[in-house]
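Heads up, there are several structures right after this.
Look for subunit A in each of the two complexes below; its partner is subunit B in the first and subunit C in the second.
Up next is the complex of A and B:
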């Protein structure tokens, strides 16, 4: 019989299920801007939130998170997770500043790629659950960096090129970091929608066994996805070091959870297999704006955390309704 | 004489979106009888069952249980009323033990905690009732073969003390021996006054079991009749709404072709013990025998899924590596495997029909790393036309298709790779008669076009009707190869069973 597996949802509207979270998140972004503007109109009589200068500033700050989230999304689509992001990012930043000169950026990216490849080997070939393996790698990288710096803040500085990429604005308007983020985004979109790799990532995330029996080299795909995620974290580390002119302990810590939240708010299924990159993009913007507006509203830290967490849970509740996970 | 109905539906309708799954259906079943429900996939049988079991609510109509109007807001309410359903998809938790599964809904408790010993005892009782004393209640369900799991499912249903037992394709994965056990159990339950509804696509099962038959087509109840008043052809005619002739395509008369693929002494752990087999282009070679005698392992080994396989496979005289499905599909002989479980192994249900059709041939559809949208569209279109897959839009999830059409997608995705050797693992399980016939015809067409087909089936009729040769397996080896006239039910069963007492030293 036809309708045995899932009870079909009522049809009739032509909105694809994948579009819903994207539209919803975008609506929420507008809501945040409206509420924030309403607040500033009442208290200051102006609307700084709607000025292009402010929005570009937010996008610049959001670039670092956006790049991390772009890489992480590839891994989450597989049904895995990369918890090594914080110290992959930090290690890349520290090694890039330590090497300095023209090799700073290649070394930073290389460190990220290397950690990603090790993660990928562990998850794909050794079959260690990614949550454990990447958590372990995070600790290993942290230990290596503490050994490298002796536990002190490194004295080295970011190179001019790193600072240019992170801070400079083309024509004094468009942040270069935003362009880097857009370039990474374009790459991820192409991978996900136009390549066999992307198709294989979705297939594995939905049902790895069926993908394997279709003759897809599943281990290779997992390895590549983790490598890309590591490289993205490395790139974010290089930029972030440029932004703050130096690398420092714990610089990656505030990126892991917001990046996961951005991916998931954007509609990517945390169990893998479903999600569009546009959603992740909107998810990053949502998180950056939410943080910013809450701080403009002078919300105390405790309240910010509560609202931040509640919003994430609420959005997931909205998406989760009506969707069935079929065995 | 009609006994008074036990459970009756009047003017029941159910719509999913714009599709009528059931239209204005009147249906009744009585105590102490086995009532078969027949119909093609999509005819509305499963929806009917789901309404009766409280899984879905009807849009219109009313239901009466022993004359009293009833409403079931959920399966638990239906269970309380004594209506228990065994669904086509197994609903067991693979990581839990057999005993945990059997008593899942109401485990025996002591001081508020689950009483493991009582649970075990209860499970043993129920397993004994279905004749499966050999299943260990503390075994993990995931470790049992599919046919045993299905018996556990039946034991679980009996544990709920049903008055009306609904079996939806419940025997589709069972071996002949288990089917016998189920028959005996069903007759026993009938004698105790239970009402039993039985959905099956296997005509001989219905002939053996049913007292009455109801035929559904396109969501309508077409006709109900007492068994024996209609011929098999008439019943099939009612189901598909047109007359059909000859269930199987004719086999070609020709000498046996030269071997294309030669399998020598294939062994794997304790499941394959030196399988030797050869098959030529144009041949359909059946794999027979009881379930779990190594047929599935043989197909998986050839497809490179199993690790540590010993023995050699040569294609046109040259050795083939069996390292991975990827190597198998692009190696010396292009292989294709239609796996046992189309929902978890053959398809990715939540992805679109088009994505699924392209899944096995991504490499061929790519230019460098990029997937060619044009080539993909062409392949998808061709597959849909060649297989006559009934779809709305190729972008819809494959889960929206009926079972038969889903299986066509699995086969089509492999045909797109241009396979030389096609391995079929019980491809007609749970598929309606019309689609089955299309598959039989397709198999013959593919063979005639030069493919070499290895076909495992649990249905003897299929092996007899489709295969040029049948190799019967027992305990991981081939004990007998049947050809031509020798392929009949008697020989198949005899060679599958005979061996138990007296093992042939065929490959000693």
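Up next is the complex of A and C:
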């Protein structure tokens, strides 16, 4: 599972296995842009997709997915998964708008952190499979929010600061949301490559037993990773509420599966232990651009679903294949 | 010599009894998950029936069986990949797709209906087989491969049914969603279901009979075949299974195909029950997630190698019975999702208790 290339490349240029996903995903991003541009050239005679304005707009929209995927990646690297993202995100958004004022953002982040900590306690200390525990937490958060709002969209609005973070552009050009995404990305990169926590996350993903024997408090690491994932979902919820000026039922639902897809397309092994953050970044951009180009082409939902699934399989067939079982 | 013979003779019954007792205990432990789920189900269901104003009547039983059947089959479908430590996130999508196909084809003359049913079952199995091919020949992790194929199947379902609708044969729909007497009466069998010998069985809901037939004719033979045992072996230790010369690839393909078949049967029934097809993405997702919960409640290990589709059926019944109970106790609909989540969390957290029994902390990690 964790067989990294130890054989030095002979002469000439050879891709390292960890670089391959990044290169291919980036190439596919260019292909999407080319196909989309070809389409708009044929139908409208212009190339809006290549304008910086359009690309920045996509990055702004993509930053919500990007933040979710950044948190989710930490959990996937452990070999676990966090299915509670949709309603953690929604709960954070709803509570942040409900509290309002200066405490809106801390409350939203706190909700995410809290859900993440409960997930971590269940997965690490009770040893419940993460798939099922986070699924249960998702149902509980959904239940709490349905009970809280009566099943309707809450009437409360996002605070000015939330709207600023999600919508504003510095100098009218650079979206603030993109900067938030970059800050989260920088944090994740530092954690993964420069801290013992990051090394511990990779170690647990490869073989938790060995990590434990080498003195890592594996339960604590799992707890922290889930807490960070929850906090990331909470932050995405706060931003998304700011973007749409309010919270609404089911606002987190379209974020879970694309986030998993982005992480996996970026080359992170779904079984954990392997993957680079750069890949996740490119994966998010790929998913966002794919969605955007398909909606420019006015693709019906059915076609989108089929293309979406085909792209994931095709990308993984190129570089995400497992090794043969040889005993 | 005589002494020895005597003692061994005398000891034999004791030893035998001991062995039998041990065997019984071991068997109980082996099926602890299923038995726990069964006890939970019986307690919940008897509680429900006892508190229902029209409790213990055939009508309630039929209604409950109809509501539980599709989830029971989707949970059986989910069990097969889980047994080999995989996960099939496309079971809900396959169910939906086959339901949409059924809403187009299962109507008209008997021959057309038979043709439609065959097509439905075949397309369920074909979807599963496609999953298996991606996993076996593409060597992509099952969870992510089926995540992708589920999007594709939902796309096809949306093409077939952009809006909910369609029609299935009404008599057939009525016959499979009521009891045996009505089934016989609908098709004019056994003197319209009034045959004397039929009376002891006349109250049994048809979905329960179909479920029993599927278990007996498909699941049980499968687990006793080499392919079926290989599925379990892959879940326990894939490398060891490979080294023992077991047909790994064939077992994986068969497991996913069987999952598609079960999910397709669930979709066919859902179409018959609702008399329509509906490419409902949230509903497909809910069925997939509930199927995972049902598999776990039914005592199948998510790390593979142990469990049974029969346990998953019980798990599905437990999940459904919980919502039946909400219905009669007038739990505010707004609180129902919260209770469902809490019950699920409590049920799986009980598994954490087994950690207390471990002597060696390393056994925690697998």
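Observations on the model:
The rule we apply is simple: the second predicted complex is superposed on the first by the 306 of 327 C-alpha atoms of A that agree within 3 Å, B and C clash if a C-alpha of one lies under 4 Å from a C-alpha of the other, contacts with A are read in each partner's own complex, and residues count from 1 in each chain.
The working rule: a contact is a pair of C-beta atoms (placed from the backbone, for glycine too) under 8 Å apart; a residue touches a chain by one contact, two chains touch by 3 or more.
Computed from a predicted model, the values in this text were never measured in an experiment.
Of the two partner chains placed around the shared chain by superposition, neither subunit B nor subunit C is touched by A:32.
In the superposition on chain A, contact of A:200 is made with subunit B only, not with subunit C. In the superposed model, A:109 makes contact with neither subunit B nor subunit C. In the superposition on chain A, contact is made by A:209 with both subunit B and subunit C. When the shared chain is aligned, no partner comes close enough to touch A:231: not subunit B, not subunit C. Looking at the shared chain after the overlay, A:129 reaches subunit C, while subunit B stays out of its contact range. Of the two partner chains placed by superposition, only subunit B is touched by A:274; subunit C is not. With both structures placed on the common chain, the touch criterion links A:217 to subunit B but leaves subunit C unconnected. More residues of subunit A lie in contact with C than with the other chain of the pair subunit B and subunit C.
Put simply, subunit A uses residues 209, 212-213, 326-327 to touch subunit B in one complex and subunit C in the other.
On subunit A, the positions that touch subunit B within their shared complex are 1-8, 10-12, 194-200, 202-203, 206-207, 209-217, 273-274, 326-327.
Considering their complex, residues 16-18, 21, 41-47, 56, 87-89, 168, 303, 305, 324-326, 328-330, 337, 339, 343-351, 355, 358-360, 362-363, 365-366, 369-371, 399-403, 405, 413, 417 of subunit B touch subunit A.
Remark: subunit A residues 83, 122, 125-129, 131-133, 135-144, 146-147, 150-151, 208-209, 212-213, 218, 253, 257, 260-261, 264, 269-271, 300-310, 312-313, 316-317, 320-327 touch subunit C in the complex. Touching subunit A in their complex are the following residues of subunit C: 87, 134, 138-141, 143-145, 147-152, 154-159, 162, 238-240, 242-243, 248, 282, 289, 292-293, 296, 302-303, 334-342, 344-345, 348-349, 351-352, 355, 361-362, 364-366.
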